[in-house]
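Shared chain: chain A. Partners: chain B in the first complex, chain C in the second.
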Partner chain A sequence: MFRYISRRIIMMIPVLLGVVFVIFTILYFSPGDPARTILGVTATEQEVQMLSEELGLNDPYGVQLFRYLKDLLRGDMGRSYKNNKSVSAEILQRFPTTLLLATLSILFAAVIAIVAGIISAIKQYSVFDNIVTGFSLLGISIPNFWLGLMLIILVSLHWRLLPASGFYGPRYWILPLITNGVGYMAGIMRITRSSMLEVIRQDYIRTARAKGQREIVVILKHALRNAIIPIITLIGLQFGRALGGAVLIETVFAIPGLGKYLVDSISAKDIPVIQGGVLFLAFLFGVVNLCVDILYGFFDPRISSQYRRKKEKAVKMHAKQAN
Partner chain B sequence: MKRKLGLLFVVLAVVLSFSVLALAKQDTLIVAVDREPSSMNPHGSNDAGTSFVTNLMYEGLVTFDSDMNLVPELATRWEQIDDTTIRFYLRDNVYFHNGEHFTAKDVKYTFELTSKSPFTASTLGMIDAEATTIIDDYTVDIVLKYPFGPAINHLGHSTAAIVNQKAMEEGGENYDDNPVGTGPFVLKKWNSGDSIELTTSDNYWGEKPAYKTLVLRYIPEATTRAIEVETGGVDIARAISANDAINLGDNPNVNVISSNILNTSYLSYNCSKPPFDNVKVRQAISSAINADAVVRNVTFGLGERANSVMAPSIFGYVPSEEPYGYNVERAKSLLAEAGYADGFKTTLVVNAVNASTSAEIIQNMLAQIGIEVEILAYDFNNWLDTIVNGRQDMYIGGWTTVTGDADYALRNSFHTNNKGTGGNRSYYSNPEVDALLEQAAVEMNQGIRAELYKKVQEVLAEEAVYVNLQIGQVHLAAGKHVKGLVAHPNQNIDLWTVYFE
Partner chain C sequence: MDEKILEIENLAVEYRTDDGVVKAVNGLDLTLEKGGTLGLVGETGAGKTTTALSIMRLLPDPQGVITSGSIKFAGQDILSLSKGELRKMRGQHISMVFQDPMTSLNPILTVGDQIAEAIRLHEKISRAEAAVRAQSMLERVGIPPNRYSEYPHQFSGGMKQRVVIAIALACNPQLLIADEPTTALDVTIQAQVLALMNKLKNDFETSMIIITHDLGVVAEMCDRVAILYCGEIVEYGSLEDIFDHPEHPYTKGLFSSIPDLDTRASRLTPIPGLAPDPSRLPKGCKFANRCSMKRPECVKTDPPVVNLDDLHRVKCLLAQGKDAEQHATLG
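Let's turn to the complex of A and B:
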């Protein structure tokens, strides 16, 4: 297992280097001059030249790429063109907020969605099932910035129950996590329902019931455990995406997360920030995928036994060679 | 049920008592802002987000009042010694936030720094920092590299704020954590992406603000800023949308202040490229566009149409007589005279964020005289890159005259030497205009300068170099309890004059 994890982490290095190379090249050759964008419409040629010189933008492509890679290997992601703040410090400062929002939203969504999805599957075509299916259709279709604004108007403005913006404490978390969670919830509900429906028709469920197992055990142990792989896959993907920041949610609720920071850097052509951000996200996505793969093994003994069998084989081979 | 009601009562009582406490003694002002600063150093950036914040912490030798008149700030008075020397007499009772006494040395040091900053070359590039002489602690002669009529105006710009040598050198790369000026507020903490906390300065020489703490909360979404004023989450919101300004107008607990800023937008052309090098084509387009209707539509009726390429509060502004106002019949005959009786196909480059609607209306209006317009709605980068390099046919642009003087608006935008990269994105070239602009730049008599700029604006209007669209406008919303709020045309707010009632 340890060897598997370390190999997966080492595999990420060439991927990340590829990401750096591709992003840098695309940005370098895309139209627009970062110095001019920062200085604005009224800037003179002299000002643009001075700033380009200061930021090292006059150097040729190869020199700039090499310099970036060299700094990166020393762990330095550079400083933002726009506000001269250290990119890595800025990302690390914003990441906890994004992580908190992502974790809360996914937890909120997953708990409700899995329960609702299970009930909806075992009571297929019931009123409850129709409500759940209807809700998930609605949840997927509603644009979340709109939902966010509506919640603010209703809950903060008319009812005066919760603050409208900011991210300073539990009271402030509620609206963003609901807004963010609804979209995720809809997806998880649908996949839980369909995956459960598939499983509860299997013979081994009938066997479990036939041997007199209590219904709750049948559902949670025999059925859910077999239905969980696609659910975990989806939640993993959603979580990976959520860690990139929820731009619209952050904008509407004024949350200082990663999403808005990265999107702003793209419109400002702030190359060090875009680079650092994308690199960080690629790394996170890799880690989340790895965690999901490990979870597979945890929930499905067939997968983990594959590793074990491989390992046993390797040990045997080794023993043979030693002989 | 009874227990539940009791609980509800207790909760209500607690909430109410908190709000009463909060009302009883307000010593914090919370302002929702629409953009973050890029720097805490006044010479470290030239954007409006930065100047809004540095204006609260720093002061210049002179400043503008809310009608864009120059008034003394760190200087008590000044006199023109000769064409290239201005003598400033400084206040002797001013201390920086770090306790250092403000003297002429700081002035010289500041302009030595600005001469090296890329953000101040166009506003302060005329100052010869080496030749600038300290006469005594409170007298300094600022020397210019060449005679420059609007020099004092340029010194009123926020990038000309005075900094302290000791603080700059101690701060080094981390200066933004501990910026030092002479103004009414001191930075406490900059929570990047979220808020900026400031406190009132004990060393401030002027009248101290009526409250202790100032929080600038960065709320990117305009609707959320407006709602926060209504819920009382913030006291003042900057830059709310026209739509929200209208809605909030009905709320008895909120004041909305709409004011014109130093920016105008206009439709213009690449005048060096056919068919727009033909003055008749430009005149035809001017006549075909009902600009009042465009402005009314895009500003929800709140905006004012510009009648010069400059906003009214700028020195040298003269409203044009509109020789080519809206008249479709004249437009058609002008186009025929130019040899395009059947019209032509062309493109219109706009910044998608702020001009897409105007572009669509204009597209329809020009279709009436046979000009078929393809709209190219780009992001800011791409739009700027296109017009700077002259790849546009027509474009919608804007100009903010930060110095409040016509030189910055007209010479940058229409002098032959500034084509493209310099600011002349209309690629306009006219020796007569060039000569007038050069003469006005070095002229010291402001009356004569005003005359020269009047002439320039007349020529530009007659030549139909641009079609004026709206004057830039900013809407502020504030709770009814906020008093003493004055919005400046340069988009800064003197928050230190605010008090509560």
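Let's turn to the complex of A and C:
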């Protein structure tokens, strides 16, 4: 397993290099002059030329790419064209907020959705099942910015229960968390229900019952562990996306997160921020996927034993050679 | 031999689906003596598995419903047991080996854990003791105990079936129901599994119900045979009764549709047609539309069960009068 993990981490390096290459190239060849953008329309041609020279924008493509990679190795993602602040510092400053919101939303969504999905699968076509199915349809269809606005109007303005904006403490977390979580919840519910429905019809569930096992153990030990692979796959994808920042929700609730920072940088054509941000997201996605893959191995021995078998083979080969 | 371990009376089971009510078992009577082995024979859809699942009370919920009848296990009415009592019964007193060993084991638990789980459910012993017991069960079914912590996907089909049998016998049940235990296995492995089951049956003194459509398996294993058709027992008797003196046209048809080593037939004689749709069963004899000896009255009335002797009974109009004849000749 350790070999597997370390190999997966090493495999992330070419992926990230590829991302750097693609995003750098696209932005390099995109129309517009960064120096002109920084200085604005009132600057003279000479001033623009001088700034271009200073930023190294006149160097050939290869030189610029190499310089960017070299800086990147030192953890330097350059400085924002807009306010000259360090991109990596800005990202790291905003990331905890985004991480907190993402983790809370996913946890909130997953716990409720998995429990509801299981019950709904066991009691298929019951009233509860219909409510869950209806809710997940609604949850997927409702745009989350609308839900956010409605919650603000109702809970903050009308009932005056919770603050409408900011992200300073648990009381501030609740509304963004619900707004963000409902969509995730709907998806997890659907996949839990369908995955469980498939598994509880399997023969080995009947075998477990025939042993005289209690129903709750049959469901949690025998069924859920078999049904969990698609569920963690979806949660992983959602979590990766959530780490990229929820732009709409950050806008609605005025949360200083990553998403808004990145989107603003795109509209301002702030190239170092775009590059740094996209690279950071790619890195996060890679980490989340790695965690999901490790979890697969943990839940399904058929996956982890592939690596064990390879290892055994290698050991045998080694022994042969030694002889 | 006289003590009855299982008595089924007038059992009727329905599956209530969106497409209608499927009558899977219709008025089935069956008894099994302690230590006996009963073969339930019939084609696909005859209600063999449904009967077995009814005994285990494992019919698919909520579709499968027992509409009438009684099932008594060692004198106790299974149909009136509470959920807790049922759990105690399953695995401990009555065990079942399911049809397809490939899918009967949980793919994410080690085979040892799956055997130990069955033991620990019914006996108050520690995890370690259960593991030791499970290892000895593995050994009994011919699997090296050091494969305890391997997963089902590391086993072949025949070995998986052995594991399933080990799970079923782990708590020394009084009754073992084997639902087509050899159908999914290839022929050489079939023989091994059957021999194993016979041996274990003797070791553990277990009564057994074997569900099969393989008459060879019946001949090898059973001392009583019940032929099922459309959820009814059309003929019941000792192994000799059924194999040497089959009375029901369906039983005769079954025997003439298997190859015989002595007479080299170029073609086998199949039973023509298909079994009737169980959601629309005919009024009279359910086999009438395929029967080569059909009479006009067969489609009108449901044939009565005729007792040919103490054991041998047939549900056929043609057999009517034979009991009288026999009694006459005997008398």
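Heads up, the rule we're going with is that the second predicted complex is superposed on the first by the 291 of 323 C-alpha atoms of A that agree within 3 Å, B and C clash if a C-alpha of one lies under 4 Å from a C-alpha of the other, contacts with A are read in each partner's own complex, and residues count from 1 in each chain.
Throughout what follows, a contact is a pair of C-beta atoms (placed from the backbone, for glycine too) under 8 Å apart; a residue touches a chain by one contact, two chains touch by 3 or more.
Values in this document were obtained by computation on a predicted structure and should not be read as measured data.
Colleague: Tell me which partner touches more residues of chain A in the superposed arrangement, chain B or chain C.
Modeller: B
Colleague: Scan A:267 for contacts with chain B and chain C and give back first, second, both or neither.
Modeller: First partner only, chain B.
Colleague: With both complexes superposed on chain A, which partner does A:37 reach: first (chain B), second (chain C), both or neither?
Modeller: So A:37 only meets chain B here.
Colleague: Looking at A:252 after the superposition, I want to know if it touches chain B, chain C, both of them or none. Which is it: first, second, both, neither?
Modeller: It touches chain B, and chain C stays clear.
Colleague: I'd like to know which partner A:206 touches here: chain B for first, chain C for second, both or neither.
Modeller: The second partner, chain C, only.
Colleague: Name the contact category of A:180: first (chain B only), second (chain C only), both, or neither.
Modeller: After superposition on chain A, A:180 lies in contact with neither partner.
Colleague: Given the touch rule stated above, what does A:238 touch, chain B (first), chain C (second), both, or neither?
Modeller: neither
Colleague: Does chain B (first) or chain C (second) touch A:275, or do both, or does neither?
Modeller: A:275 contacts neither chain B nor chain C.
Colleague: Please give the residue numbers of chain A that touch chain B in the complex, ascending.
Modeller: 31-33, 35-51, 54, 82-85, 90, 93-94, 149, 152-153, 156-157, 160, 163-167, 250-254, 256-257, 260-261, 267, 269
Colleague: Along chain C, where are the residues that touch chain A in the complex?
Modeller: 56, 58, 83, 86-92, 95-96, 98-100, 103-110, 114, 117-118, 121-122, 151, 153-154, 164, 167-168
Colleague: In the complex of these two chains, what residues of chain A are touching chain C?
Modeller: Spelled out, the residues of chain A in touch with chain C are 202-204, 206-215, 222, 225-226, 299-302, 305.
Colleague: Could you pull out which chain B residues touch chain A in their complex?
Modeller: Counting only chain B, the residues touching chain A are 36-39, 44-47, 117-119, 121-122, 125, 176, 191-194, 217-221, 223-224, 227-228, 230-231, 233, 379-382, 384-386, 388, 397-400, 402, 408, 412, 418, 421-423.
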